[in-house]
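Next, two complexes with chain A in common: one pairs it with chain B, the other with chain C.
And now, the complex of A and B:
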C-alpha cells in the first residue's frame, strides 16, 4: 500500500499555517545580517567628538587631572583595573607605546573596587580610595609604570561618559581634545601595527 | 596513517547517510519500490559503525599525542592527564561535531533496534529524515571542520585543553547535552514522517512519546550538569547566568517540555495534532539554532567556539533548508489537522494547552532576549547586551502560572471540567501556604552582625507555596492511587517523580535566592570571618604542585558554636590554579555540602600590603543542591516514563485512553475524537 496519503484539500489554506514559516524566515534575515557583523567590534559614538569633560584625582599625587589638559598634547587614554586580565596582557604594548615621543599616557583605573568589594563603603570614601590607590600602585610597580598620569575613577562615572563596555579600552585623543580612535579589548601587536601606529603617525 | 583512516570513514559515513536519506524515504512514498524501506535499518547500523571508527581513531590520536593532527595539537599536550586527554575530543569545534554525528548515529540505531512493532514505512521515513540531518552535519565536518587535518612538521608539544574544561563535570556535560539536542531529532523525524505521509494518529503520538521523553531527559541532565559545573568551577557561586549559550540549551528544553505534554493529548485524545508537530519541529530547530549561535560568532559568550564566518554561513544555510522545508511542509499539511473541537475549559486538555502556551511564550521571551542584541545591531541601532534583569523579570512571571497549573492539570479528568477534583487538592495548597509562610519567617540563617538580610520576602512565600503544593498534592495523589484499584503504569510514576523534581528545583531556587549570604573579604593568616553562624579561619596558604598546574592552596578551618565553646567542623582547601601551558588562572572553589546548605569558599587574588593577605569569597547557600537534585528527579521521572510498556504496544487498549483519570473523578464519556483516534490507531498499526 502506498504510504502517500490523499492530498489534503488545498481549497482553503488558512493563513495561520504560514505564521511559523514567516517568523522563522524573519529571524533568518537577522541572523544573516548578524553574520556580517562582529559583536566585539563596538563602534564608539565618541569618535570625532570632544572627549568627555571630567576631573579626577591623580593616583600617588596631590593634584587632579582635568580634561582641559588634553589640549596641546596627543594623549592615549587607557581604561584599566588590576582585576582585569586583558589589562595585564596588553600592558607590555602600553609600555612600548610609552616610549613614543610626544604621546602622553593617561591611565584611568576604572572601578578598581567592584560593588562586592565595597561592602557598604561609599565608592569615593577615604577608606575605599586608599584601598584602591594601594592596589593600583602596587600593580603598576609590578607590571611597569606605563602611565605618565594614572587616575582613579572610583564610581565609574568617567568610564561611563567614555562609553566603556568592558576593560580594557583604549582611546586616542588628539591635540584639540577630540577622540580619534577607540579599541575595546586588549591591545594586540596587530592592532598596534595596523591601526594605532598609523593613526599616531598621521596625527603627529 | 590512522588519521587518514578516520577521515575516510567519515567520508564513507556521509555517503551511507545520503543513501539512508534517499532510498528508504523513496521506498516509503512509492508502492513500486516498497522493498527499499528495508534498507533503512542496515544503513543506519553501517553509518554508526563508520562514525564509531573515526571517533576511535580521533581518540587514539589524542591518546598517543599525535600532534601532526592539528586538532590534537590545539587541544591537548603531553602533561594532560589521560581522562582529560580523551574528553578533549569534544573540547573544540571539530571534535564536538564528530560527537554530534556519533550521537545522531546512536539515536538512529536505537530507533532501528527498538521499533520492531512500528510500521515499516514509518521506520523508513524516520530513519531517512535522520539520515538527511546526518548528511548535513557530515558534509559540514568534511568541508569546513575536518578534525583529521594534518600539519607537518608536527610540533613537539601541543597547546593545552582550556583549564576551564579540565574538570570531571566537563567530561560528561557535553555528551549528555548533545544526547539531548540530537535526541530531539527523533521527535523531529517522527514529525517529518507525519508531514510526508499525512498520517498522524494516536499510535504515531504514542510511539513518538518515549523517544521525546528520553531526549528530554538527556537534555535536562546535560543542562543540570553544565549548571552544576559552572557553580563550582567559575568561583562566582552562581548556577545560571542567562548566557546566550545557556539560553540556547534552555530554549529547546522548554519546547521539548511542551512537546512531551502535547504528545500526551495527541496520544490520549487525538487533539493538538498540528500543534504537536509544530512543537516537534520547533524543539529540534531550536537545537540547530543553538548550534548556529555557538559556532558562528554572531553573539558573544563565554562558551563561543573559535569563530569562522564560513561555518556560520554553512549552518545558517543548513538551518534554512531543514527548518524551512519542515515548516513549508507543515503549512501544507496542517490545515487537515486543524482542531475542530476546542478543549473544554477546566479539562485536562485545557491545562495542558495552557502549559504548552506558557512554555512556548517563555521560550519566545528567552529567544527575544538572546537575539535582541543581534537585531538591534542588524538594524544599526547600536550595540547592547541583555542581562539577567530582563530574563528574571520576564521568565519568573511566566513560570508562576505554569507551576500553578501543574497540580490541577494532573488531577482533573480528560474532556470535562471537574472542579471537585481541583477542590480536593486545595487542602495541600493551604498547607503549603502555611509552611511557606513559616519558612519565610524563620528560614533564614542566624545573623551575626552581617549586613545581608536573611529574612525571606513574599517571593519566598510564593516559591515555597508553589513547590510545596506540588509536593504535597503529589503525595496526596499517590496515597489516593495506592488505595484504589489497578496499579498505575510506569509513565504515571514517572510523571509524579518529574513533577516532584520541578517542585524540588523551585524550592531550591527559592531557598538560595531568599537566604543566601555572601561575603567578600580580605584575610591574612589567622584572620577570621563569620558567615551565617560559622567562623572561617584562614590557617595557611601554600603552593601546591598538580600534574600540569601550580596552585595556591588555602587551608580554611570552619568553627561552629558560641565563642569559647567552638568546635572545628570541617576544613576547606580552596585553590587558585595556574596551568603550565596557559596564563589564565583558574578558581577551584571548596565546598562543604549537605542537603540543607552549601558552604562555599573561593580564593581570590593575593593582595599586596604590609602583611600578606588574600581576597576570599565566602558564601552560605541554603538549599542550593536542591536545584540539581530536582533535575535528577526530573531525569529519573523521564527515564521511568520512557520505559512504560504501553508506549511499545502496537495497539492501544481502548481503556488506556482513560487509565490516567484519577480514581473518584469518574470516567468521562468517550468523546468522538477518542473513538476516531482509536480507530486510526488500529488502522495505522495494520498498515
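And now, the complex of A and C:
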C-alpha cells in the first residue's frame, strides 16, 4: 500500500495559494451586498453643503421664497407634484411632521405640468402657472395642507439644483442653510423613525 | 410615480423616437461635436442604464437642454461635468474621476489580476518533488497486480 501513496511533500500547498480565493470570496460578499441595495438610492453630494440658492413664487400668495430664508429655521423641503403617486402615499407622514414644533415645512411643486401637458406653452407662462397653481392648491386642499409654504418650480430648474431625479424627494436644511439629510422616494414610517426623526432631534 | 416605473413607461412610449439633443433649433457644428463628445459619458439618473444622450426620461431632456446651454455659453467639458457632479454625484459619470475614493474601482481589478497571475506563476514554477523509486518488493507487487 505504501508504495502507491503519494509523497506528501508534493501535496502540501503553501498558505499564500489561498489568498486569491480569500479575495474572491471577499469580492463575492461585496457584490452580494451590492445586489441588495436599491440602485435608486444615490448618495447626494449636497449633504453637508449649503442648499442651492433660489427664489420661487409662493403658490396662492404674492410673495417669493428665497433660499436665504433657510437661515435661522430648521426646514423640511419636500419636492412633490400632483402627478406623483409616491407623494400621495407619503403625505400623511408630512402632515404629521408639520405638527412638529420648530420645523418649517416647505413644499416645492416640481414641474407640475410635464412636457406632454405644456403642449407648446412656455413653462413659466401665465397660463401654465395658473393651471399649475389651481391643481397644486386643489390637491393640497384634498390631501391636507402639509406645507407652511408651497412653491412652484415650473421648469424644474430649482429641482435640478437640488439634484432631483425622481419624485418625491425630501431634504432637511438646518438653521445655517446646510443640507443635512436627503431621502429619495416616498417617506415611510421606517425612514421617519430610523433616520429623519433622530436627525431632527439632533438638530433641534 | 416611482422613477423606475416612470422610466419604463416613458422609455416604452418613446422607444425608437430619435433622441438627439433635441431642443428647438439645430445645433451648430461645433456645438454638435462637443455635445457628441460629452453626452455619451453622462448617465441618465432615471433610466440608469442609458446615457444622457439616449434617454427619453423627462429629466434627461431637461439636463440635455442644460448641458447644451452650458456648451453654447462656452463652458469647458470639465465645467459641465462638475455642474452635474455637484448635483448628482459621481454617479452621473460613466467614467468617474480618478481620485482616492475611486482608486479601488479603477485599480482594484488590475491589482487582483496581478495577484492572481503571480500566484499562478509561482504555482507553475514549483517543480514537484520526485517520488522515491520503488523498492524491489514493491516492483514485484506491481507486477503481480498487472498480471492478474
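The criterion applied here is as follows: the second predicted complex is superposed on the first by the 168 of 204 C-alpha atoms of A that agree within 3 Å, B and C clash if a C-alpha of one lies under 4 Å from a C-alpha of the other, contacts with A are read in each partner's own complex, and residues count from 1 in each chain.
Rule of thumb we're sticking to: contacts are C-beta pairs under 8 Å (C-beta built on N, C-alpha and C of every residue); 3 or more make two chains touch, one makes a residue touch a chain.
Model, not experiment: these values are computed from the prediction.
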Touched partner set for A:17, first chain B, second chain C, both or neither: both
Contacts of A:167 with chain B and chain C, given as first, second, both or neither: second
Contacts of A:192 with chain B and chain C, given as first, second, both or neither: neither
Chain B versus chain C as contact partner of A:129, first or second or both or neither: neither
First (chain B), second (chain C), both or neither touched by A:37: first
First, second, both or neither for A:56, with chain B first and chain C second: neither
Contacts of A:25 with chain B and chain C, given as first, second, both or neither: first
First (chain B), second (chain C), both or neither touched by A:84: second
First (chain B), second (chain C), both or neither touched by A:179: neither
Residues of chain A at both interfaces, chain B in one complex, chain C in the other: 3, 6, 9-10, 17, 20, 27, 39-40, 42-43, 83, 85, 165
Interface residues, chain C side, partner chain A - complex: 1-4, 6, 45-46, 48, 58-59, 61-63, 66, 85-89, 91, 112, 115-116, 119, 122-123, 128-129, 131-132, 134-135, 138, 141-142
Parts of chain A lying in touch with chain C, wherever the complex brings them together: 3, 6-7, 9-10, 16-17, 19-20, 23, 27, 39-40, 42-46, 83-86, 111, 114-115, 155-156, 160-167, 185
Touching residues (chain side chain B, partner chain A) in the complex: 28-31, 121, 125, 197-199, 274, 278, 281-282, 285, 292, 296-300, 309, 312-313, 316, 319-320, 323-324, 327-328, 330-336, 338, 371, 373-375, 377-378, 383, 451, 518-520, 583-584, 605, 607-609, 615, 617, 687
Footprint of chain B on chain A - complex, ascending: 1-6, 8-10, 12-14, 17-18, 20-21, 24-25, 27-35, 37-40, 42-43, 83, 85, 89, 116-117, 119-120, 134-135, 138, 165
